[in-house]
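Two complexes follow with chain A in common, the first pairing it with chain B and the second with chain C.
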Partner chain A sequence: MQVIAKSRPVASPPKAAGHLVRDGAGLVLILAAGAAGYWLFPDNLALLTRVIAIALLVLSLDLLVGYCGVASLGQATLFGAGAYAAGMACLRGVTEPMTLIAIGAVAGACAGLVMGTIMLRAHGLAQLVLSIAIVQLAHEAANKASAYTGGSDGLAGFSPSPLFGTFEFDLWGRTAYLFGLGLLVLVFIALKFVVASPFGVLCRGIKEDPVRIRSMGAFVFPVLLKMFVISGAVAGMGGALAAISTQVVGLDSVSFELSANSLVMLVLGGLGSLYGALIGTVIFMGFEHVVSAINPFHWMTMVGALLIAVVLVAPGGLGGLVSRLRPRLRGRNGEQP
Partner chain B sequence: MQTVFSIAIDAFAYGMALFIICIGLSLTMGLMRVINLAHGAFAMIAGYIASYAQRELGTGYAVAILLAILGTIAISIPLERLLYRRIYGSPQLTQVLMTIGITFCVIGITNFFFGPTLKTIPLPAALSTPVDLGFRTVAGHRLFVMACGVIVAGGLWFLIEKTAFGIKLRATVDNAGMADALGIKTQVVYAISFAIAMGLAAFGGVVAAEFLPIEPYYALRYMVTFLVVVSVGGAGSIPGALLACLVLGAIDTTGRYLMPDFGNFFFYAAVIAIVCVFPRGFLGRAQ
Partner chain C sequence: MSELFRVEGLSKSFGGLAVSREIDLAMNAGDRLALIGPNGAGKTTFVNLVTGQLRPSSGRVVLNGEDVTGLGAVRRVRKGLVRTFQVTRLFSDLTPEEHVTLTVLQRLGRATRIIGRFRGDAEVSAEVESLLRTLGLLDVARRKVGEIAYGQQRLLEIAIALALKPKVLLLDEPAAGVPSTETPRIEQALEHLPPSLAVLMIEHDMDLVFRFARRVVVLAAGEIIFEGLPSDVAANEKVREAYLGNYAHARRVA
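This part shows the complex of A and B:
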């Protein structure tokens, strides 16, 4: 990992053009995959919308783990904050979907601010444990405050108004899916700019060597906290999307299981590249849908084996595997990344 | 007064039960630097073996415990050689993922073989009857768990501080390369300490089954609890783990007695407070 980052200096102009082409192609691919999902699985659009919402969560986790080196097993806190905020706002009369997404983003960002303030006090294992403790605490709090959150029954009974005043959220979830896809693409573009900005590069520097960055005169804590807030906003949007599309917010949206699963998806797809987050989410949730319908315990065995295999064989995840193989396929032209 | 006494007894017994399981994890994390989230999975395997031995084979409680410990160690040794050995010294995230993977596999496989039901481990008559202490009666099992905890703590302290193996272990931990150069077989030391840790997990899993019932998702449900307890105590420190288990056990039990609807709320609130004040745990060493 260190080697990759060191051999990838600040992008030089000709390379930047190449990046632009590659990102354009990536966006086209995402849109094509989204459209394919729309036409191929018209009966499973609810599941696909769920995939998009979780993809936002995994993207947000990638910002922290892949770009800042802050390991978190509590990312669902931010997702759940967005989901509950959107759900509660909708129950109280704010039903415009775009506003709800914005509310989710703000709630997630606030949760990210709090979580970052607590988590960044510690390092390494203690940080990981703090993230777990935060998500468990949030889970208990959501369970306890049943007057606001519905407790273990979940928050239900709200219905968002039509998108832009015309597109109803129908039973088949077409509107929700296309809405989610649009949101995902917008967020993805925005995040591409964020991670390529000087701020994003600074984050990556902190991941590699915080001591050196500090001695260069940068302040580590505010930079990481800023990334926490951005990450919270993204996760919150994911939560709000899940709330809007399913019109119910369950306690499982602030659970350790969801946090751990999102980390697994991220690692499966590959850390430190936004594409990896998307690939991992789609593969994980696709397999989960198929296998756990047969037997949930087979599913656990399979995920476990897959995780062990990824750690041993492909430490960069499936996305990393692709970029490792690509130069070989390209022959002598391709340079080692 | 009655309530205070029973809370105290339950808290102490629960803390000791936690301690027996967690001290093994504390050893792997502090001495071998492996964040073994699959620790609970080994305790679960032991619980399944003990339950199977008692209910299907008809053995006694003591024999079941022995079988569970031996069986778990027998399963853990190949895993150590094949999987764990590759992640010694890896980044923490790698270790976390690998051991979560092992946990998932263990859950899936055990439930495939034994079925997704709650497994009970019947107590012998001697432990299930209340014991009269003169001024109070206490469940025999509680006393048994406390005694086990004290014995485990004392035994481990003796092993690490007073025996030749303990000296080799500490030398390996402080500087593996130098210990290797001095003729200590560090690989063997690691393998033995891993086996000891797993044996303790197995013992704890069976003995503490009254507090932490053996069920299909045991390994996942208590994974967090064990990890939290160890990091609060400070990885690798026996007194630290003991202190953490007693403090967190007391907080958890008291919270559940007095305010049952709050569930784990106080436990995790205490964890956040403690980790913020002691980032390395109560008695953890600077790294």
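This part shows the complex of A and C:
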């Protein structure tokens, strides 16, 4: 009979170092892309800041869809909560930008708590429908409560005070852009730690098989609810950033359309890696900007075609395509795959 | 040895169909019990009732003198009532090492922590490594589960269960679907289970049953029709009938 416990060399040391190198390189790339945007498109910084705000929204959605397997078409609820909270606070005299971001995060987290409590009662398709219902309700609430939200006119006429008391939010949007880029990098680093934590791995397990996780003695609901709160905080910061940079908060920030678009961006970039969320947002919004300028009537058709092409050619998203090609490239260099 | 685990009058019916009927069973620490029976006899239902995946229509489950019938599946696991699955339920994207690490962290109450790395605790790593070594999985510890052999996946199921430090372990067909070349490894793993653990194993492979079990319980149409020594089971008239089909059709509840 075979012996089970053969003496074997101890398993190789953890790959933690490799992860650090890869995430470090990723961060450098994000910063480089951010700096390139700043120098190459000085006239489009408002758009680029919008891209960053939406990237935060898509990142927050990745936490739920990509890491927990919770389907949502209502993520803009959390984004809108942050945007309106920051806008209202600013109108009432809280103008310090960092504080406004914190207010957006708290508002988003609270909205995430409520949304998670409702959505996690259901599964699959019912869960998806609930998310749509929630964003429609939030949209309607924002529309009707015009005394607080400005209704269909939205919130306007607030202006945040200079960043750190020195840097004015200028007409060209330089301060807003750099502020947004800094925020994005910090959030990204924090989320990398979250998804690498025991909690993050537990979430990936829940995504694959909640029954298995329960039979390991772990409760599923509180873990997912916690992720909803984190996701809400991230989306809320995105909303607050949008509010600070545009100094307007409209009903579109809590719309089904924004929710659906954020899911499209996530699928485009690839689920469950955080990088995919960034790639998807940049490609989608960049494509939208360029194509709508070339052909304002048929740009949605082009976006649809792009999406179909990506789903057929690279089902893991564009981010997934990169990691699929990497072993081949390495193989060519003679390294072990 | 003192009694560790007991079920009393455990019954379950779906609609009018009784799938478990008045099952009484007791186990002591160190027990090696095989639960056998024809297909559809209600063996997996029994495991589901015991571990809390299903609620019984009536009856009690008692662990260490405590009635756990009202507790959900998660709380029962935390009290030491652990199962494996007939069809492997693993996370294809994670490695065996990650599976066992997650389980150990969960047992220590640290699996929901946001602060801190998943790996990095020397004590946890040592425990994980020792478990993987015991089950002969060290070689594949860092491969994705989707890439390792089915027999190894079955062994990983056992490793996960053991990482929970159970008192009672219910193995649902640990060798099901494993090619015969790999069954010796499963058998070896079963022989090396902690001696104080009470083990109930569902299995169709009678060779494995005879080698492993010191007591056999036969279930047919949801009720126990035989309980005794492995050597007596084949001679039992009721058991023969059950396997020939007289009990194979569940009777309707009157």
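The rule we apply is simple: the second predicted complex is superposed on the first by the 313 of 337 C-alpha atoms of A that agree within 3 Å, B and C clash if a C-alpha of one lies under 4 Å from a C-alpha of the other, contacts with A are read in each partner's own complex, and residues count from 1 in each chain.
Definition applied: a residue touches a chain if its C-beta (ideal position, glycine included) is under 8 Å from a C-beta of that chain, and two chains touch if they have at least 3 such contacts.
Computed from a predicted model, the values in this text were never measured in an experiment.
Trainee: After lining up the shared chain so the two structures overlap, which partner does A:216 touch, if you call chain B first and chain C second: first, second, both or neither?
Mentor: It touches chain C, and chain B stays clear.
Trainee: Once the structures are superposed on A, label A:31 by its partner contacts, choosing first (chain B), second (chain C), both or neither.
Mentor: Once the two structures are laid over each other on A, A:31 reaches no partner at all.
Trainee: Tell me the contact category for A:124 with respect to chain B and chain C: first, second, both or neither.
Mentor: First partner only.
Trainee: Which of the two partners, first being chain B and second being chain C, lies in contact with A:132: first, second, both, or neither?
Mentor: In the superposed model, A:132 contacts chain B only, not chain C.
Trainee: Looking at A:198, would you say it contacts chain B, chain C, both, or neither? Reply first, second, both or neither.
Mentor: Only chain C is touched by A:198; chain B is not.
Trainee: A:298 contacts which: chain B (first), chain C (second), both, neither?
Mentor: first
Trainee: Name the contact category of A:208: first (chain B only), second (chain C only), both, or neither.
Mentor: Once the two structures are laid over each other on A, A:208 reaches chain C alone.
Trainee: Going by the contact definition given at the top, which residues of chain A touch chain B in one complex and chain C in the other?
Mentor: Residues common to the chain A contacts of chain C and of chain B do not exist here, since the sets are disjoint.
Trainee: Per the contact definition, I'd like the list of chain A residues that touch chain B in the complex.
Mentor: Where chain A meets chain B, its residues are 65, 71, 73, 118, 121-126, 128-130, 132-134, 136-137, 140-141, 143-144, 256-257, 260, 263-264, 267, 297-308, 310-312, 315.
Trainee: Can you list the chain A residues touching chain C in their complex?
Mentor: Going through chain A, the ones touching chain C are 1-6, 8, 10-12, 14-16, 193-194, 196-202, 204-205, 208-209, 211-212, 214-219, 222-223, 226, 230.
Trainee: In their shared complex, at which residues does chain B touch chain A?
Mentor: Within the complex, chain B touches chain A at residues 29, 35, 83, 86-87, 92-94, 96-98, 100-109, 111-112, 116, 216, 220, 224, 227-228, 231-232, 235, 261-265, 268-269, 271-272, 275-276, 279-281, 287.
Trainee: Which residues, counting only chain C, touch chain A once they are in their complex?
Mentor: 51, 53, 73-74, 77-78, 82-83, 85, 89-94, 97-98, 101-103, 105-107, 110-120, 129, 132-136, 138-139, 141-142, 160, 164, 184-185, 187-189, 192
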